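Okay, so subunit A shows up in both of these, paired with subunit B first and subunit C after.
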Partner chain A sequence: MQLTKSKNVTAALATATCALLGVTPTVDAQESVWEMDTALLYYGETDRVTAVEGVFAAKKDFGDEHIFSAKLVLDTLTGASATGAVPQESVQTFTRPSGNGQYQINASDTPLDDTFKDTRVQLEGQWTQPLWQDYKVSSGLHLSKEYDYLSLAVNGSLAKDFNQKNTTVSAGVSLAFDTIDPEGGRPVAFSQMVIDQGQFANEEAYRTAFGETRQSGSDDKTIVDLLFGVTQVISRKMLMQFNYGYSVSEGYHTDPFKVLSVVNEQGQTQSLLYENRPDKRARHSVYWQTKYASSLGVSDVSYRFATDDWDINSHTIDTRFRINLSNNTYIQPHFRYYQQSAADLYRPFLMEGNELPKHASADYRLGEMTAYTLGFKYGMTMASGNELAFRLEYYQQNPKNSGVTAPGILQQQNLYPSLNAIIAQVSYSF
Partner chain B sequence: MTNKLTKIIGLVLALQLVGCASLGVKPWERDILAKKEMALDAEGIDLGLDDHIYFSKEATSGGRAFAGGGCGCN
Partner chain C sequence: MASPCELLIDSQDQKLAQHLTSFAYAECRRIEQKYSRYLGGNLIDQINKSKGQSVAIDDETYRLLEFANTCYEISEGLFDITSGVLRKIWKFDGSDNIPTKQQVKAILPKVGWPKVKYNQQNIRLPEGMELDFGGIGKEYAVDNVAKICKEQAPLTSVVVNFGGDIQVTRSRANQQAWLIGIESFKSQLKTQKVLRIYQGGLATSGDAKRYLLKDGIRYGHILNPKTGYPIEDSARSVTVATDHCIQAGLLATLALLQGPNADGFLQQQGVKHWCYR
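Let's look at the complex of A and B:
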């Protein structure tokens, strides 16, 4: 009698727990449907790059937490990107990366190469399931392909729950293999840009000179990522995550489209050299995230510190605060702040007559900068249970001088221009 | 400076983890934590899109998830 009672209590508790957890009993779980998430994103920089990105993600629980998820991303990119060359007091002429044709940059304008046009396809698949008691295993594949770049990656991770599932410890590894084969070939490190200003007897002579600045064939890069994490439930309303990540990449890190201006004492450009980056980079990161539910909604705060052997240290703070306006609508302000120090190989320009450094890049993305993102999202759950959301954000990058004295006319030029972008997104989940 | 900061962060994390044993909730207290918006990756699509933007525009990537392979993004 006692035993029966006890069984009933256990069963009732189990049912109540399932209801509280929002967990569907196994029988129903096997009948779960595909959950679809779609989004369309517009990213537009003032006078530079414009990108449109579409995402289609699907997820299904095949029962007992055996979950398959897949994602398809398509994006198209057009516009102009900073070459690394410095602005001048007069019009500058550059050879396009393909070697086919030239473009000119007006006096005092930041040199931008306006020939960027690319379409990218990204495919991902991930399988997650319980392995044995309190363990969960997950593995996945990732593919990203664009005209001149291919990235293939596999990942695997193992997680274990402790302390009544209040603590989860995980370890994961990802191996990626990237191949790059840029239009016009990869430039020879520190070779000088060949600019046809009438000095060549014919097209063939120009082609020969251009060809001497190029390496044949493609190049590649391998990336190994290790990620260790602890997720901890703090209270009924709060949980935290801590991650430590180590990433090492070996191979071709140079951006084949970036150059450095070699200037004289007066700051006038004498030549343009293709950049050269090290063939190895090792990075460490620590990441902390907290989610807290209040009567207003949910706040999500994260901080990341990253450091690497190129001497780049960065701090990122990301905050989202979801405010429930009603039972089925919410508004979510978003603020992100980012700050990085300059890489040791970063040079906004090179001085004529000085010995060439072993590695150098004038890519502003390796220089000192701060950036912030400010925006909001508005979401609504419809009568059908489907969710529609709109996101609008403003992103600004402010590159900074990390202590370089500009010679002559460069003092009157803006060597560290800010970049502004608008991010707009529509999402629909069903 | 960096080393000092890393040590401080490491110490804070270690102290947090030591304190974990007494933290947490009972299974029947997970009503709020079970809400969709309380999942750490509640907005997976947005986070993925953001990762792609910032990967292309800044020198740091990863941390929350794998830094991973990439793209020739400009």
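Let's look at the complex of A and C:
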């Protein structure tokens, strides 16, 4: 009982259908295709770091919401980054982290190491699919490689829908393993920077002295992240999300390129010590986000509070408001405010003659600060359905003194210089 | 239509939505009143009770008969709108109530499309035979409602969904797809398959819940009008996507009638399809 004239069936049926309905046929249904997102981002700090980043992401639904996504990120960083040393009234000389050569910083300038240069490749793959009724699982792999840094991570999460998919509860875990092997080796904690000022008989004597401040081999860090979330549909127009995250990392947290100035009572630098951070850090965070759709557009407001056992407490408020200008164009202003308290190990400098603390760092990123981002995004959907978007943002970071009295000449120096940056991005989705 | 019927309208215009819904409701009701075999006194009832007498028909009915005729021809007799009488002896209620050979033999002479004579003005159905548009009626209604929506709101994308038989009138603004979930019968997991439909028709044939079970043999509810028995090894459910809902519905039904060869048949037709066994 086979249809022998199978090939004619469709044609005959199409003709019969048109005769019955009095219409002409059109396009048919389609299964999903690869969705591609590409972006090029420029980040430029005034006088400091410049980064250029390319992102290529692909996503496909293989049916039944079995989704695979992959992402490739390439970025290059060049420029100068603050070393942690304080500015002085005279020219300062520093040894490069590699031990090869020196650089000088003019009087009253914030010491920056201008050899900052890196290329990073990042690869991610993620698989998400439904499991049983109302459950969804997701797992992924992450790899990030820089010249002196390698990070490998795996993640997994489980989500369940309740109340006709109006409530989603999720739990996720991520395990990361990082290895660091910096150029010139990792400095010995609190060892003094060896600076060749003619005191060494020969190159070999300098090399021996420099070598004594270095540890051999690489070091590593393991990070465990746990995330619990609830997403709730409040109304047809409103969606809310609450997350709690716990992150604990163990291993090498020290920045091998950062130092602390040891100053005397007149504020003059006597020596430079390599920093030392604890080998454990635990962080809790809570996050709340609300999205609201109105006839004008979509507003998105979020707040995050984080606290860790290094005593950094931070608050982040992030707001975006997407305004639809027409059926296929929109503009989205963005404002983000960030505030953090200083870590207990943060010291803008060390005083000569005082006992060394157990841990110390002069990294401005661990100090008290406020920061804000102000910008907008303009996007357009083209006739083909592809989206082109431009983003332009200004970022300013204002480090603050958290109650340290600067001695002598340091009172005339700017120990907490502001940092500003421009972020520009072009993205295209097809 | 004996199933939930809905319209999804890609618009913020409440007036337009009300307008389209009332048009759709009227058209749906008109077709049901005219062609449902469950309603007494309508055209189908008149034809089925005509006892061999000629009954006058209108143009719409003539076009439906012509369509049914094409379906009969291309399926080489497997799709037959006179096969409804077989349900008098086959009641697919999950029981083991299989009709006897004598019962099947006795009813077979009442099946056979070529015995029906019709032209543009009238139809003559031999006594004891019955016409049943059940196999195409719902899809026909979907296509008609979609056609009306397209005429009334040519720039608005509307999904006409009558119990899983679907027609999308046009693509949405910004090339977005309509995400349509269809129930899959794969194992006992009640997962939903989500299809992205931009435009066109979609229909599902088959019903996993309708069968008979005797001596370990499962009798699916798709009957072969030539033998009077269920098609063996037919798929439990077939979904087809193509230009028009009624076309998709027919291809899905024809695939079920192919028994084990449903997949091969659909592949040969070059249409998007999802076959569950």
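We take it that the second predicted complex is superposed on the first by the 400 of 430 C-alpha atoms of A that agree within 3 Å, B and C clash if a C-alpha of one lies under 4 Å from a C-alpha of the other, contacts with A are read in each partner's own complex, and residues count from 1 in each chain.
Methods note: a contact is a pair of C-beta atoms (placed from the backbone, for glycine too) under 8 Å apart; a residue touches a chain by one contact, two chains touch by 3 or more.
Since the structure is predicted, the reported quantities are computational estimates derived from the model, not experimental observations.
Q: Looking at subunit A, which partner touches more of its residues: subunit C or subunit B?
A: B
Q: After the superposition on A, what does A:D161 contact: first (subunit B), second (subunit C), both or neither?
A: Neither: A:D161 stays clear of subunit B and subunit C.
Q: In the overlaid three-chain picture, which partner chain does A:V55 touch, first (subunit B) or second (subunit C), both, or neither?
A: First partner only, subunit B.
Q: Going by the contact rule set out at the top, does A:E65 touch subunit B (first), subunit C (second), both, or neither?
A: A:E65 sits against subunit C, while subunit B stays out of touch.
Q: Would you sort A:D219 into first (subunit B), second (subunit C), both or neither based on which partner it touches?
A: A:D219: touches no partner chain.
Q: Touching subunit B in one complex and subunit C in the other: list those residues of subunit A.
A: 13, 16-17, 20-23
Q: Would you pull the subunit C residues touching subunit A in the complex into a rising list?
A: Contacts found on subunit C: 12, 63-64, 66-67, 70-71, 73-76, 78, 140, 143-144, 147, 168, 171, 173-177, 184, 189-202, 224, 226, 241-244, 246-247, 250-251, 254, 257-259, 261, 265, 268-272.
Q: Which of the residues in subunit A come into contact with subunit C in the complex?
A: It comes out as residues 1-10, 12-17, 19-23, 25-32, 61, 63-65, 130, 132-133, 295, 327-328, 381, 384-385.
Q: Using the touch definition up top, name the residues of subunit A that touch subunit B in the complex.
A: For this pair, the touching residues of subunit A are 13, 16-17, 20-23, 37, 39, 41, 43, 49, 53, 55, 57, 71, 73, 75, 77, 81, 116, 118, 120, 122, 142, 144, 146, 148-149, 151-153, 155, 163-167, 172, 174, 176-178, 180, 182, 223, 225, 227, 230-237, 239-243, 245, 247, 257, 283-289, 291, 293, 297-298, 300, 302, 304-307, 310, 312-314, 316, 320, 322, 338, 340, 343, 365-366, 369, 371, 377, 391, 395, 397, 419, 423, 425, 427.
Q: Can you tell me which positions in subunit B touch subunit A when the two form their complex?
A: 2, 5-6, 9-10, 13, 16-17, 20-21, 23-35, 37-38, 40, 42-46, 48-49, 52-54, 57-60, 62-74
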